[in-house]
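Down below is the structure, laid out as structure tokens.
Labels run A, B and C following the written order; every chain starts at residue 1.
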Amino acid sequence: MSEMTPQAEQPILVARNLARYFDVSRPWLNRVIEGQPRLILKAVDGVDFAIRRGETLSLVGESGCGKSTVARLVVGLYRPSKGSIAFEGVDLASLNSRAKMQPVRRRFQMIFQDPYASLNPRWRVADIIAEPIRAHRILTDRAQIRRRVDELLRFVGLSPADGEKFPHEFSGGQRQRISIARALSSNPDFLVCDEPTSALDVSVQAQILNLMKELQRELGLTYLFISHNLAVVYHISDRVGVMYLGRLVELADVEALFAQPQHPYTRMLLDAIPDLEMSGRPRTPVAGEVPNPLNPPSGCAFHPRCPYANERCKRERPEFKPAPAGGMVACHAVEERRLPEARAVDPPVLPA
Amino acid sequence: MATTLPDATKTAPGLSARILDSDVFYSFRKSPLTMLAALVTLVCFSGALLAPWIAPHNPFDLGSLNLLDASRPPVWIEDSDPRFLLGTDNQGRDVLSTIMYGARVSLLVGFASVIFAMVLGVTLGLISGYVGGAVDAVIMRIADVQLSFPAILIALLIDGILRAAFSHQLHDQFALYVLILSVGLSYWVQYARTVRGSTLVEKNKEYVQAARVIGVHPIRLLFSHILPNVIGPVLVIATINLALAIITEATLSFLGVGMPPTKPSLGTLINVGNDFLMSGEWWITIFPGLALVLMALSVNLLGDWLRDALNPKLRVTR
Amino acid sequence: MTRAPANRALLDVRNLRVEFPTRRGNLVAVDDISFHIDPGEVLGVVGESGAGKSLTGAAIIGLLDPPGRIAGGEVLLEGRRIDNLGYEQMRRIRGREIGAIFQDPLTSLNPLYTIGRQLVETIQTHLDMNAAQARAHAVKLLQEVGIPAADRRIDHYPHQFSGGMRQRVVIALALCANPRLVIADEPTTALDVSIQAQIITLLKRLCREHGTAVMLVTHDMGVIAETADRVAVMYAGRIAEIGPVRDVIKQPKHPYTVGLMGSIPKITRRDERLAQIDGSMPRLNAIPPGCAFNPRCPRVFARCHVERPDLIDVERSRVACWLYDEESPRLRAAGDE
């Protein structure tokens, strides 16, 4: 895949000021009687990023940060409350009918977290994998469809005989392989992966991650990878975005993020990774918990837990913009150069 | 690429092998009462179904009736006729044969109304659960209102309306369909509620979201994806409902607003025979009554067993 | 209750066997495992799903779901057998001498009662205190586990706490009667990574202060690295390797442990490909003869298919692998794989 073509220069996906709000107010009658205001959950509150063709962008963060909601916005399971998503330059909001949306749906697919819930337990595996083919009428001849399904099964490391079985006859790792086969059957360019290995054992996770990397290389796929596991993200990403309470706080190349984390939350997250090298590194104590997303703190959402917060941080929400040291950061302290030198938590081990 | 598991089975077993090997069939084998109930049900159903061919007489062929045979008691009492095992009514009709024909009608109405209620209830439940919002609210409120009335009353109401709309002759002709409609309409709610609840759960599962991402048409999603996963409890409800439907129809016929005496069901027979109870010809009403009880009871027992067998928490292990 | 002599293990598990009778035969979920926990030490029990680690914990504390049952072996707490005790006796040991922390704080706490009431009830069951003393003890415990404004929050319901706070309450509950041993089954799996770090630190500190031993069951090697003194790696119902945590993690000896450590992504090195172990753990009804790992082992040889290895002493660890048996080099050289 040549990097020189103009097509490669245009990002395959661009999210601008993306936001999604959920109205979780109590029923109208209850609100009137108890005198309560409307409750709006700002799951995603203004997120900007672009994904280049062939790269893997990961979104990482803890519960409530909105990364899964971003994934669902990108594939069209939710409509944005504000902002826009453009796929190859086409604003998805302009595709307001099923007929217009179908050709675009063929080009991107999603892999879900729960290998047990993402496959219909009543369908045979071959039918599950063939569904995108049938839905988009890519092939119509039954024999051709069957051949393609067999090919896909082999591709993901299963055997064609497995097509006759039901999902419950497979282990978690094998089911994720089936999910991947299904996602690939419509020949997509872009895969959104929502925590695809979080529910798997670590040795199975290694198999699936290796498989995904191989497929990306062979098929030229672009991935949007959602995870809460920083080690997995380090292994699979080209660029990483860190989210907190619905906002992007940092976005950088993967090596840069791990070697020189800038935002205080990124530093805290990296510090919280268990020390498998058993180097006995000192850890700064982690403070507080993620606040209630229904009632986020004023100004910078991270200020109650931030050791570097000042008055401005409590008042003013920081903008997500390029940082002096590279990448994008939303932090007043970074902008004001108030922070100590960023350093890697675990210095990289160089090959002997 | 990774290798396949060494213990993966080579071919998937066929459907009959899966059924015979299943936990459900195992629990069936382990329960003598259930096997008995199944046997009785089978006997009743085949007797009713094959009535035109295996009944000893045809009670509705007016030409074959002989008033001299009237009011004969059952065969184990003196003054009986061995041709009429369970006796005859006041017009010379063989009670056993009328029971078989009557059961046929009862079963027909029972099955048809259950199927009608199931189709209506499941569809409404699916739509209600998936679409949500105002549609869901409207359907569920109608269901709630209907639930506050006893089923019999609703059946009576619908029956009464249709009776008033049609002339007497027309009504007799269409009595069967009217009855199916009234009994069916009084029982759809339970299906709708159960399916709606299950649909709400399934709707949020990731395989449904995957289908939406793929771009599957909503109707196909509802019926090909969600329906197979919510249909389980429906089967149990249907079995228990069958017994209820049979009894409801019998009640309506007993009250005189169901099947007419020209095409009687078991309920009609009980009604007609009731008049003769006091004059000592008890067999004309008791035997149809016993047949009704037997059928409803065995269907009910089967339904009970099915519910327990399909409940994963009560799985029989050893 | 006499104090155990210093050289006697607190918990001694000998040849424990847990079975599930099904209509298709007996499934052996834990197959003849032996280990001990010394007073005050943290033993990690790590393994992937299906390895039998949670069942081991459940068996020790007497909370096996029927039809699962202990089919063999002994569990001794300070020299006394506890696996053959009746329900009432086991109930008294639970809480007083063995505490438990489970994975999901939502279901470990009764949503209908305030946490104060649950704490006081547990305290009064096991310790001789009146209501006021128990309440004061409960408030002190809550402060110890880091619940702010403990004297107010003691009257709150579980749903009014966040996940991390709830887990702290569960820890308080487990430690309130000062047990000698706590069995923690995946205590941090359901929590965010930053909260995980807090909870692990808390658990370590409290157990050190109270001298409580911990059996920490988890699938997360990182948690083990931070918390445990020794670790047992389980595979298909058996212990594959057991030893000091530093040895097992930095110099694993059993091929499974080697593969496991290799497949964990680390942030110190970006490999193109993670080391992976092909295949997956066998199901309980399909465990191969000999060593259960032999279909997937990169260093398998003939003996592995035939005989099942017991734990062999290797340096400071014990490993269940024929590679470390002194006879094996001879056997391997004599024309096996």
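To be clear about the criterion, a contact is a pair of C-beta atoms (placed from the backbone, for glycine too) under 8 Å apart; a residue touches a chain by one contact, two chains touch by 3 or more.
None of these values were measured; they are calculated from a predicted model.
Novice: State which chains count as neighbours of chain B and simultaneously of chain C.
Specialist: Chains touching both chain B and chain C: A.
Novice: Tally the contacting C-beta pairs at the A-C interface and at the A-B interface, and name the larger one.
Specialist: A-C
Novice: Approximately how many whole Å separate the CA-defined centres of chain A and chain B?
Specialist: The separation of the two C-alpha centroids amounts to 51 Å.
Novice: How many angstrom between the C-alpha centroids of chain C and chain A?
Specialist: About 32 Å separates the centre of chain A from that of chain C.
Novice: Which residues of chain C are in contact with two or more other chains?
Specialist: Expected reply: 276, 278, 280.
Novice: Give me the residues of chain A that touch two or more other chains.
Specialist: 171, 174, 207 - these are the residues of chain A that touch more than one other chain.
Novice: What are the residue numbers in chain B that touch two or more other chains?
Specialist: Correct list: 2-3, 5.
Novice: In the complex formed with chain B, which residues of chain A make contact?
Specialist: Contact set of chain A toward chain B: 72, 75-77, 98, 101-102, 105-106, 109-110, 112-114, 117-123, 131-132, 135-136, 154-159, 161-162, 164-166, 169, 171, 174, 179, 182, 186, 207, 211, 214.
Novice: Can you list the chain C residues touching chain A in their complex?
Specialist: Going by the criterion above, the answer is residues 48-49, 162-165, 192-198, 200-201, 219-223, 225-226, 245-246, 249-250, 259-260, 262-278, 280-281.
Novice: In the complex of these two chains, what residues of chain A are touching chain C?
Specialist: 62-63, 171-174, 201-207, 209-210, 213, 228-232, 234-235, 254-255, 258, 268-278, 283, 285-286, 289-290, 345-349, 351
Novice: How about chain B: which of its residues touch chain A in the complex?
Specialist: Going through chain B, the ones touching chain A are 1-5, 8-12, 205-207, 209-217, 225, 228-229.
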